[in-house]
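As structure tokens, here come the structures.
Paired with subunit B in one complex and with subunit C in the other, subunit A is shared by the two complexes that follow.
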Partner chain A sequence: MSFAERMLKIDRRIIFLVIGFCTLLPLLYPVGLPIKISPEVRGVYDYIESLPEGSVFLLSLDFDPASKPELHPQAISLLRHAFRKNLRVIAMTLWVSGTGMADQVVTQVAREMGKESGKDYVFLGWSPGGTAVIINMGQDLYGAFPADYNGKPTKGLPVLQGIASLRDVSYAVSLGAGNPGVEAWYVFGKDKYKFELAGGCTGVMAPGLYPLLRSGQINGLIGGLRGAAEYETLIGQKGKAIAGMDAQSATHLAIIVLVIICNLFYFSLRKQATQQGHSGA
Partner chain B sequence: MIFLRRQVPLLITLITGIVFAAQYYVPHPASEQMLTSVTKWLQIIGGFALVLGVSSLFHVHAIKIRRKEAGWGYSFVLYVSMLGTIAVGLWSNGKEAVDGTMTAFGWIYNFMMVPLQGTMFAILAFFIASAAYRSFRARSREAAVLLIAAVIVMMGRVPLGEYLIPLSGDLSQWILNVLNASVRRAILIGVSLGTVALSIKIIFGMERSYLGGGKE
Partner chain C sequence: MALETIIGAWVATGLTFFIFSFLYKDNPLFKLAENLYVGVSVGYTIVKTYDTVIVQLIWKPIVENGEWALLIPVAIGTLMLTRYVPKAAWLSRYAFAFIVGVGSGLAIPRTISSFILKQIEDTIRPLMMLVPGEGITFTWSLLNPASSLNTIIILIGVSSVLFYFFFSVEHTGPGKVVARTGILFLMIAFGAAFGYTVMARMSLLIGRLTDLIEFTDPSYGWPSLWLLGLTILTLVVMSRRSSSKQPKEE
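What follows is the complex of A and B.
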């Protein structure tokens, strides 16, 4: 077996080790390279900036713990921004397995920003029905969520004063890791109830949402850890996303180098085979 | 019986399909009220679907354990963890925290479910790297184009890539915004047209597989 053949059949544990080091070392010794802001992330930031105080901001945390590393920093940044702008925040989730996590992040950021539940924000929790919940909220918010996550009746909460349905929402952002997520909020929510919408998603999902962005169906998109890092940069509060960008940079570079090496060996083998074929003939 | 099993569901599908397709274009309060009521039914049905899903899962794994099929041990672990979580969840009234204090249910969620799901997703990075090394080869012209596009997007999406090759950021944006968006849109339009065609077939009873394959 030639060297190239041996290298192409390298033990995958070596690759695992390389990726492990590329993730770990930048986390221990961060470099802090500058992060360029993309127009899609700026779109979300600018729209929230343009909202007057007291506007209604709906954040739907449609993900479970599997997507926490990418979407949790997005949620923290968006909530910090919304609370800083004194917007009325309605948080909820369409994913039952993400309810506890969503409650924790909303409560944690609200406490950090000195906001009060029921007055400045409300966490509605989860309700069964998936996309039907969106339509139900569009028809009657109190019918979809008669009580908040803590069991308080939603009718009469100061934060929901003057809000009857999704039509009264100024801006909605869905942080989705699948279905129901950003697309469902557009199809069943924005299209009928006419509120402005943006999305946040995992890195692998982002390319699939670009058609919605380009057609103006969503006015911004926060894609993956990179998007979260851009948002953290925009609001000027460094968090887990910026800290993780060095690790992501290193792993991306490692994968690129691995792919190049594998192709070099592959072509050298192909050349060898062609030469042997010629000499055999 | 055939009437109840075949004709009635077909009739319900036909009427509700036409009524709710038309409802979207009728903003009259009565029409909106009808939609409100139906979405409430949907939410209730959604709740029952959850119960149905859990009971089905129990049933499938109970058979595996009873017959001692390959991997029945995993089914047993599933049974124990599910019953344990349900019991603790009911005991904690379904709350992860009460007045800032973590409940037993919250402990299971935070220290078992969150790390387990996070780990499952995180190990993907290792497998993707290994798979990329083994299979991402420029075997043909198409594969070479795909490879180059992937490398550009991977470079352009991280600060180090933009630092090493400043043009990679703009190039990656162009690939995502122009090439990717147009192809995705074409797929979306195709899928949507297919969905419309299938819906029409279901509403008018031409597609009946959803009725199941029971005896006539």
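What follows is the complex of A and C.
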């Protein structure tokens, strides 16, 4: 068996180990590679920056713990930015399995920024119906969520003063890991009730959402951990996303090198087989 | 540090190592973590749904606020359960008819508007722009999604991919060139999607490793180190036991 053949039949657990080390080492010894801001992430940041104090910012955390590494840093950055701008924050989720985690992240960032529940922000929790909840909110916010996550009646909450439906929302961002998520918020929300919308999503979903960005159906897109790192850079608060970027780059480099090596071995084997065929003939 | 935080760290660390142990080979530790994940997810969903739907949205408004109109959706929903009674199963069709009717009515026009009409509108853009004072202009920037050059690339891409999926004409001669161009565009799209998928999966690994590094802290009691050792030891013992059993079977 030639060297190329042996390498192509290498135990895949060795590759797992290589990838593992390429991820672990930069996390232990960060280099601090520069992070370039993409226009789609800047679009979200700029729009929030342009909102006047007291504007209504709706954040829908449409994900569960399985997508936490990518979307949790995005949620933290967006909430920090919105609270810093003194926006009125309405947080909610369309995913029942993400309710507890969404409550935890909203409460944690609000406490860190000195914000009060009911006055500066409200976490509405989850309501059944998926996309129907968006339509319901577009007709009557209080009908969709009669009480917030802590059981307080939503009618009369100072943070919701002057808000009757989605039409009164200045800006909405859906952090989606699937359906219902960003697309549902566009189809049943923005397209019907005419508020500005942006999306945050897992890396897997990002290519599918770029057509919405190009056509102006959403005005910004935060894609995966990379997008979260860009947003952390924009607000000037380093978090878990920036910390993970070195590891991400190192792993990508390792994968590219492995793909190139694998192709080299493959073509060398093919050439060898062709030569043997010629000599045999 | 609170006791529940420390317990949480130990549980999270242990389950992470148990799941990662699958990379070595399938084993009972992985199966334990996998089944726990499914069980906890389903249990959590059932409890949250019961509390939100039954208690908060049905029971309390009816009993405390006298919102008797809520009994209508409750009755429609209850019809679904007649599926379990063969003689009354036909009643569930009313509930399904209601759901399918409302769902389709809401979804079809909105989906056509958002994903077909809006996307067609964005695809059919003028190839050149008429700027007042400057006349007809052509923008070459590849980085600007709305540039004239990108509009031409999109036009070629959409046309060639659509032609590739047009099977009524044999792909020979000039048609072969167009179909091949379509394949090229598809390959680029698949490559971009796969690249993003790799990035996403690596992000999940980074997320778990970040937590494992955090849990090497003495304030948690070094769960990462202890449980890594324990997982490796268990795998070694299991491997030895299975290898010692094999010759006996032979």
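Going forward, the second predicted complex is superposed on the first by the 281 of 281 C-alpha atoms of A that agree within 3 Å, B and C clash if a C-alpha of one lies under 4 Å from a C-alpha of the other, contacts with A are read in each partner's own complex, and residues count from 1 in each chain.
FYI, a contact is a pair of C-beta atoms (placed from the backbone, for glycine too) under 8 Å apart; a residue touches a chain by one contact, two chains touch by 3 or more.
Computed from a predicted model, the values in this text were never measured in an experiment.
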First (subunit B), second (subunit C), both or neither touched by A:Arg226: both
Partner chain(s) touched by A:Gly143 [first = subunit B, second = subunit C, both, neither]: first
Contacts of A:Leu24 with subunit B and subunit C, given as first, second, both or neither: second
Which of subunit B and subunit C A:Gln104 touches, first, second, both or neither: first
Contacts of A:Tyr186 with subunit B and subunit C, given as first, second, both or neither: second
Partner chain in contact with A:Ser127 - subunit B first, subunit C second, else both or neither: both
Touching partner for A:Pro207 - first (subunit B), second (subunit C), both, neither: both
First (subunit B), second (subunit C), both or neither touched by A:Gln217: second
Which superposed partner A:Ala243 touches (first subunit B, second subunit C, both, neither): second
Subunit A: partner with more touched residues, subunit B or subunit C: B
Subunit B/subunit C common contact set on subunit A: 16, 19-20, 23, 68-69, 96-97, 99-100, 127-128, 132, 135, 192, 203, 206-208, 211, 213-215, 224, 226, 248, 251-252, 255
Partner subunit A, residues of subunit B touching it in the complex: 24, 32, 35-36, 39-40, 42-47, 49-50, 96-97, 106, 109-110, 113-118, 120-122, 125-126, 128-130, 132-134, 136-138, 147, 150-151, 154-155, 157-163, 169, 173, 176-177, 180-181, 184-185, 188
Residues on subunit A engaged by subunit C in the complex (per definition of touch): 13, 16, 19-20, 23-24, 27-28, 68-70, 96-97, 99-100, 125-128, 131-132, 135, 146-147, 151, 183, 186-188, 191-192, 202-204, 206-208, 211, 213-217, 223-226, 240, 243-244, 247-248, 251-252, 255
Residue ranges of subunit A touching subunit B (in the complex, touch as defined): 8, 10, 12, 15-16, 18-20, 23, 33-36, 38, 64-69, 96-97, 99-101, 103-104, 127-130, 132-133, 135-136, 139-140, 143-144, 192, 203, 206-208, 210-211, 213-215, 224, 226, 245-246, 248-256, 258-259, 261-263, 266-267
Touching residues (chain side subunit C, partner subunit A) in the complex: 23-24, 41, 44-45, 48-49, 52-53, 56-57, 61, 106-107, 110-111, 113-115, 118-119, 121-122, 145-146, 189, 192-193, 196-200, 202-210, 213
